[in-house]
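Here it is, the structure in full.
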Amino acid sequence: MSSVQDERLPVKQKNFQFSWSWFSIPSLLLFWILAVYFMDAFVFENRVIPQVWEVVAEFWEMVKTPTDAHDTYYTAGGEEPKKYWWTLGSLGAHIWQSFKEVVIGFVGAFIVALFLGFMAGFSKGFREYITPLNGVFMSIPAIAWAPLLILMFEKFTAIVLVVYIAAVSPMIIAIMEGVLTIKGQEVRAARALGAKPKQLFFYVYLPASLPFITAGLRIGFSQAWRALVAAEMVGGIGVGLGHLVAMSDELGSNAAMMLGIVFIGLLSYIFERLVFRRIEKRYEVWRLH
Amino acid sequence: MSSVQDERLPVKQKNFQFSWSWFSIPSLLLFWILAVYFMDAFVFENRVIPQVWEVVAEFWEMVKTPTDAHDTYYTAGGEEPKKYWWTLGSLGAHIWQSFKEVVIGFVGAFIVALFLGFMAGFSKGFREYITPLNGVFMSIPAIAWAPLLILMFEKFTAIVLVVYIAAVSPMIIAIMEGVLTIKGQEVRAARALGAKPKQLFFYVYLPASLPFITAGLRIGFSQAWRALVAAEMVGGIGVGLGHLVAMSDELGSNAAMMLGIVFIGLLSYIFERLVFRRIEKRYEVWRLH
Amino acid sequence: MDSVQHVGGDPLVIDNLYFSYGQLTIFENLNITVQPGEFLSIIGPSGCGKTTLLNLLSGFLEPDSGSVLLRGTPLKPEDPHFGYVFQHATLFPWLSTIENVEFGLKMAGELSPSEMREKAMHYLAMVGLKGFEDYLPLKLSGGMQQRVSLARALTLEPRLLLMDEPFGALDAITRDDMNDELLVLWEELGQTVVFITHDIDEAIYLSDRIIVLNRPPHGIYKDFKSEIPRPRSGQETRTCDLFWEYKKDLRNDIEEVAKSAVVA
Amino acid sequence: MDSVQHVGGDPLVIDNLYFSYGQLTIFENLNITVQPGEFLSIIGPSGCGKTTLLNLLSGFLEPDSGSVLLRGTPLKPEDPHFGYVFQHATLFPWLSTIENVEFGLKMAGELSPSEMREKAMHYLAMVGLKGFEDYLPLKLSGGMQQRVSLARALTLEPRLLLMDEPFGALDAITRDDMNDELLVLWEELGQTVVFITHDIDEAIYLSDRIIVLNRPPHGIYKDFKSEIPRPRSGQETRTCDLFWEYKKDLRNDIEEVAKSAVVA
Amino acid sequence: MAADKPQKVIRIGWVYAMANAPVLIADKKGYFKEQGIKVELQSFTSGPRVRQGLMSGKLDLAYIGTPPVYHWYSKGLKSKIIAKVNYGQAAVIVRKDSGITKVSGLRGKKMAGVKIGSGMDVLLRGFVLTEKSKLDPRKDLEIRPMKPGNMGAAVENKVVDGAFVWEPFTSKYLLRGKTKLILDVNKELPQYPWYVIMAMPKALKEKREEIIKVLKAHKKAVAFLNSSPTAGNDIIAKAFHLTEVKDDKGKVHTPAEMLSMARQRLGWQSNLTAKDKEFVQRLMNYSRKLGYIKKDLSANELIDDSLLKAAN
């Protein structure tokens, strides 16, 4: 099957395929370096945003000090300090904590959004009902939810819930829009071929709305990150990248704060490459003409 | 033209048309009331979330006190206190301030997103380039930008910028996805009919991607609101709904804080009804089969 | 092929059917009984309601009143015993040609993957598309897409086959080939076929019975049984006297129908 | 109608054209010269590259080598002097029927709204769709959509008209009507027409010249000029000896082409 | 409450600030353990966050600024102030080259401040501006709320002309060499109380014995801070992630240097004096005038020094 295809189809798959996305991060770094230079030279007397290398130094510092860092030390029942460099020292603990929180909250939100998004796509009544609610929930910032949830639940649970709430609404909207775009004809064809509702969902709605689900995932995931930071800031001193940012902000340690922001961005970039881009590859061929 | 249509088309437009969206807000209120009852009874010793009527009382309080309210009182160069009840007293000032900030930032973001979103939809290279950047920017929370921008710009400008940054990326993604969905055939048809690039844009790409632009607007607008609140909380001008929330939080006035949150939600609901829903109506007919 | 009942079965009954799109009435008191195993063609001018009728038969549309019943119950689109070939080939763009053809079998879930592949390949070859099994639909020509869509409906070997201008996009020769293939299949499996076409020759060549639809909402203009003997084969059938007679009559009928005013 | 040059103009020259989709070669060294004002029909089996050829003519596809030139320059799809009717009606779903027909005029921006409306109504009536001007495309039947798409291309009164099976979805009578309307228009305006069809009768009835395409990548199988006199009219033309002769020949040609193996 | 009952856990929330060092010391040096009580500590970045913990009943005690206690009291959180934690810490700095020598020199200028409604904000608007400098905070200057960590840069970069700031930030910025001190609030109001320990009414009822033990540990920690400044500074520097500071001449200053400088304006004390009560009353009056509280309050309602007496 595949060998036949290789001969006839216009397959231009090289091992080494150029992509403009390679320039994204370097250009961002370049912009950062130049912006700081410019600001140093013309705007501020003292450096407000740390230079890239200062952040790298801070990174090294944190990696070297697996223990006794202000941020992990005073955690109630804090975990034992990590001993290997590849655990990234205290930074590793922050990343791991945030990663856990964000993944659990996000996956939960995704499952619910998949369900509600499809419901809203199918049922006009439910769509009408849920649209204003989505609007309202999306506009209330996580920072307003977080204190409440932290009151009611364990800190970890509360943060996961904040992440969930932040991610679910935009994903519902994106998936709903995707379902609405599916051509009635395709659904009819599948039904006429005997597809039962469940099959219709898995074999037609799901593949056909994959582009929108990916868009929803992208937006939802970044919402999740954003909310995480807010929630970690509110939830008292502890571990997590959001906490690192908040604490560094509080203490005026701009390099550490930037480091936290960079890692928040970096993790979301890694997700982009490893998850969303992969899904996208599956429909790129049939989608673009 | 229209009379002909009315006779033949399946027009079911009554003056009074039922919509499930009527239940959205009431059900939210009901949930709130019950949740507070439940929490009072079983969870917390002290009331944490105020009951609906306490918030209404606080609302009335603020409307009655157009002047000398703690929140507007110490504003540098604050505006003259409003004198009519319909200005909603000090609440009116908060709403108006936030409204200005959000509209300027959001409209700016929309214009840029329209441009970049279409660019990304058209050019594979640009799409590849911008996708990771969008991911990175979307995941960095407004609250991390805000302090920096407040250092660099006038407060009003800084808040508008925060709103802009928060809203632009999700709108770019949504519009890009919309452009990618446009069937090549329609574009070809238009080109064969002599549409020049500009016309192609206005007469094909724009109407065809309207559903996605609306979805983008929705998500972008709520991001704008969220960011506004965060920015106002950090760099409070002294007026604004976000400021109201932050200050009430600081002073421990739960009712005023909830009032702020409710108005944040309410304004976004009003936008939903007056702007997004209107746009949606324009394509609902041809979009759904 | 066990699941297919060769002859037997029950008639498909359209009883006192009313249907309208909003103010635009398409059918008023329509009555048709399709006998099991019958090959029925429906012709009529563009926009007279042929596609609408097929949608009512298959259960995609609901009658305003009256009924479409098979063995006492209305047809559901999901019914595995009927197949539908749409006026526009509606292939799934994310599946390859062969996967499109296999789709129905996969939904039924009765065969192993290799059995499915084999059966699908059989029908794909029948419509002349051997060698294109790994193409994505958007890389096929219009006529090729339509043929894939035909193969897709046929793989299920349905007892009732609803076809909406399935060969409209094909050249004369391919079309004749397809006609012959369809007849062979029909004679083998004995399905009931409701066949929409705008080609008079095709209708006569294939059918037991032909219905000419009038402009809406006037319903049936003519309904007659063909006396052309079976088995039918190529030029022989196409040149027999009865064929020419029917052809002349039908042309006149359609001209008649077309002359009547356009729907208000 | 000032913008239309009645006769005169230059030929459309396809010179030494090569084209392939990846590994799949469609044309090798194709040469065709279309005379100004000529009515050229192209027939050939499904998948032989007719649509591809039209896309190359219109500039939607670029040749791998060789050229398609009109007055020394390649055609661009945006050229206001040519019109394209696609194999699938591709109407704009957000515009009503009449707005779809007006679209090209609006792009040209030379007429006032009322003039545009008038002209669009004229062509909409010509394709038999008066009364449907405020329908959205999705409320039209397949054949009606195709007719709207035809009217849309005609309103621009283009000097070069490329048509890809425009009447494939129409019933015999409507189709004959459309054929006659097209001929009247063509005789009046003297455009160059490249017309793709799978209907031999239609090709003979309409054309000055007919090209039979072979399976890819073998190019032209036959290219001949019709001797049937003009003006042509209905039954008379369709029953003349030359018509029958051409018809038999073409059927044989196509049968021949179809017999040759399917592309590897 | 029988003595043989298992030890009750005391849950303490504290605002993550240098002035609250005693709670940290008591924990690190094991003073709570010495008292035989089980303590759970949770730190917060700001007062409102602590309040959430108090409201939900997840905290018994809090180390917190004075104004939040009565702000919340007026909103229904009827807790008591039971001990003092520190005095001093607030100051106003300007650029050295600005020519400003007094706070009143900031008239018509921009100044970095804190969140409106927060404890420090009461001190800034009520005392520093209105009372001390006769400036109307709503008209005579613009106050830009900022994180203390950013105030130094804001002043040095002329984003603002002055900043209302506290320890250890004041010392850090002064050591950087570009700014100067124009007001030390502790000089104006010697030993004014700032952070205090507040207790929830339920905890006061049910865990009185344990709270007294907490106060004993607290006193010991305060004593340690005052008697062993070097060891104390070391713990503080680590806990608050203080790093070396380079001044404009390139000279490097250690965290220890910074902290000993901070101690000139900030000190620790556990007893509540009559003067302290007076000062609390004064703060309440500022808040009342500022509209932060809607009715008059009396310091006597709020302060309960009986436990402190029991701990002595």
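Per-chain numbering from 1; labels A, B, C, D and E assigned in written order.
In this section, a residue touches a chain if its C-beta (ideal position, glycine included) is under 8 Å from a C-beta of that chain, and two chains touch if they have at least 3 such contacts.
Fair warning: this is a prediction, and the values are worked out from it, not measured in the lab.
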{"item": "Shortest walk length in steps over touching chains, subunit A through to subunit E", "value": "1"}
{"item": "Interface with the most contact pairs, given as the two chains involved", "value": "A-B"}
{"item": "Longest centre-to-centre distance from subunit D, chain (CA-based)", "value": "E"}
{"item": "Distance between the centres, which are taken as Cα means, of subunit E and subunit C, whole angstrom", "value": "84"}
{"item": "Centre-to-centre distance between subunit D and subunit A (centres being mean Cα positions), rounded to whole Å", "value": "51"}
{"item": "Subunit A and subunit B: spacing of chain centres that average the CA atoms, whole Å", "value": "21"}
{"item": "Touching two or more other chains - residues of subunit C", "value": "21, 88, 131, 139"}
{"item": "Residues of subunit A engaged with two or more neighbouring chains", "value": "8-9, 43, 48, 147-148, 151-152, 183, 185, 233, 249, 287, 289"}
{"item": "In subunit E, residues with contacts to at least two other chains", "value": "48, 52, 55-56, 147, 150, 153, 157"}
{"item": "Sites on subunit D touched by subunit B in the complex", "value": "58, 60, 77-80, 82-84, 86, 88, 90-94, 103-104, 106-108, 131, 133-139, 149, 152-153, 156"}
{"item": "Subunit C partner contacts - residues on subunit D that touch it in the complex", "value": "21, 43-47, 50-51, 87-88, 128, 130-131, 139-144, 147, 165, 168-175, 177, 198-200, 251, 254-255, 257-258, 262-264"}
{"item": "Interfacial residue positions of subunit E with respect to subunit B in the complex", "value": "47-48, 51-52, 55-57, 68, 71-72, 75-77, 115-118, 125, 137-139, 141-147, 150, 153-154, 157, 159, 202, 290-292"}
{"item": "Residues on subunit A engaged by subunit B in the complex (per definition of touch)", "value": "19-21, 23-25, 27-28, 43, 48-49, 124-144, 147-148, 151-152, 169-170, 173-174, 177, 180-181, 183-185, 211-212, 215, 218-219, 221-223, 225-227, 229-230, 233, 242, 245, 249, 257, 261, 264-265, 267-269, 271-273, 276, 287-289"}
{"item": "Contact footprint of subunit D on subunit B as seen in their complex", "value": "1-2, 4-5, 8-9, 183, 185-186, 188-196, 199, 203-204, 207-208, 210, 283, 285-287, 289"}
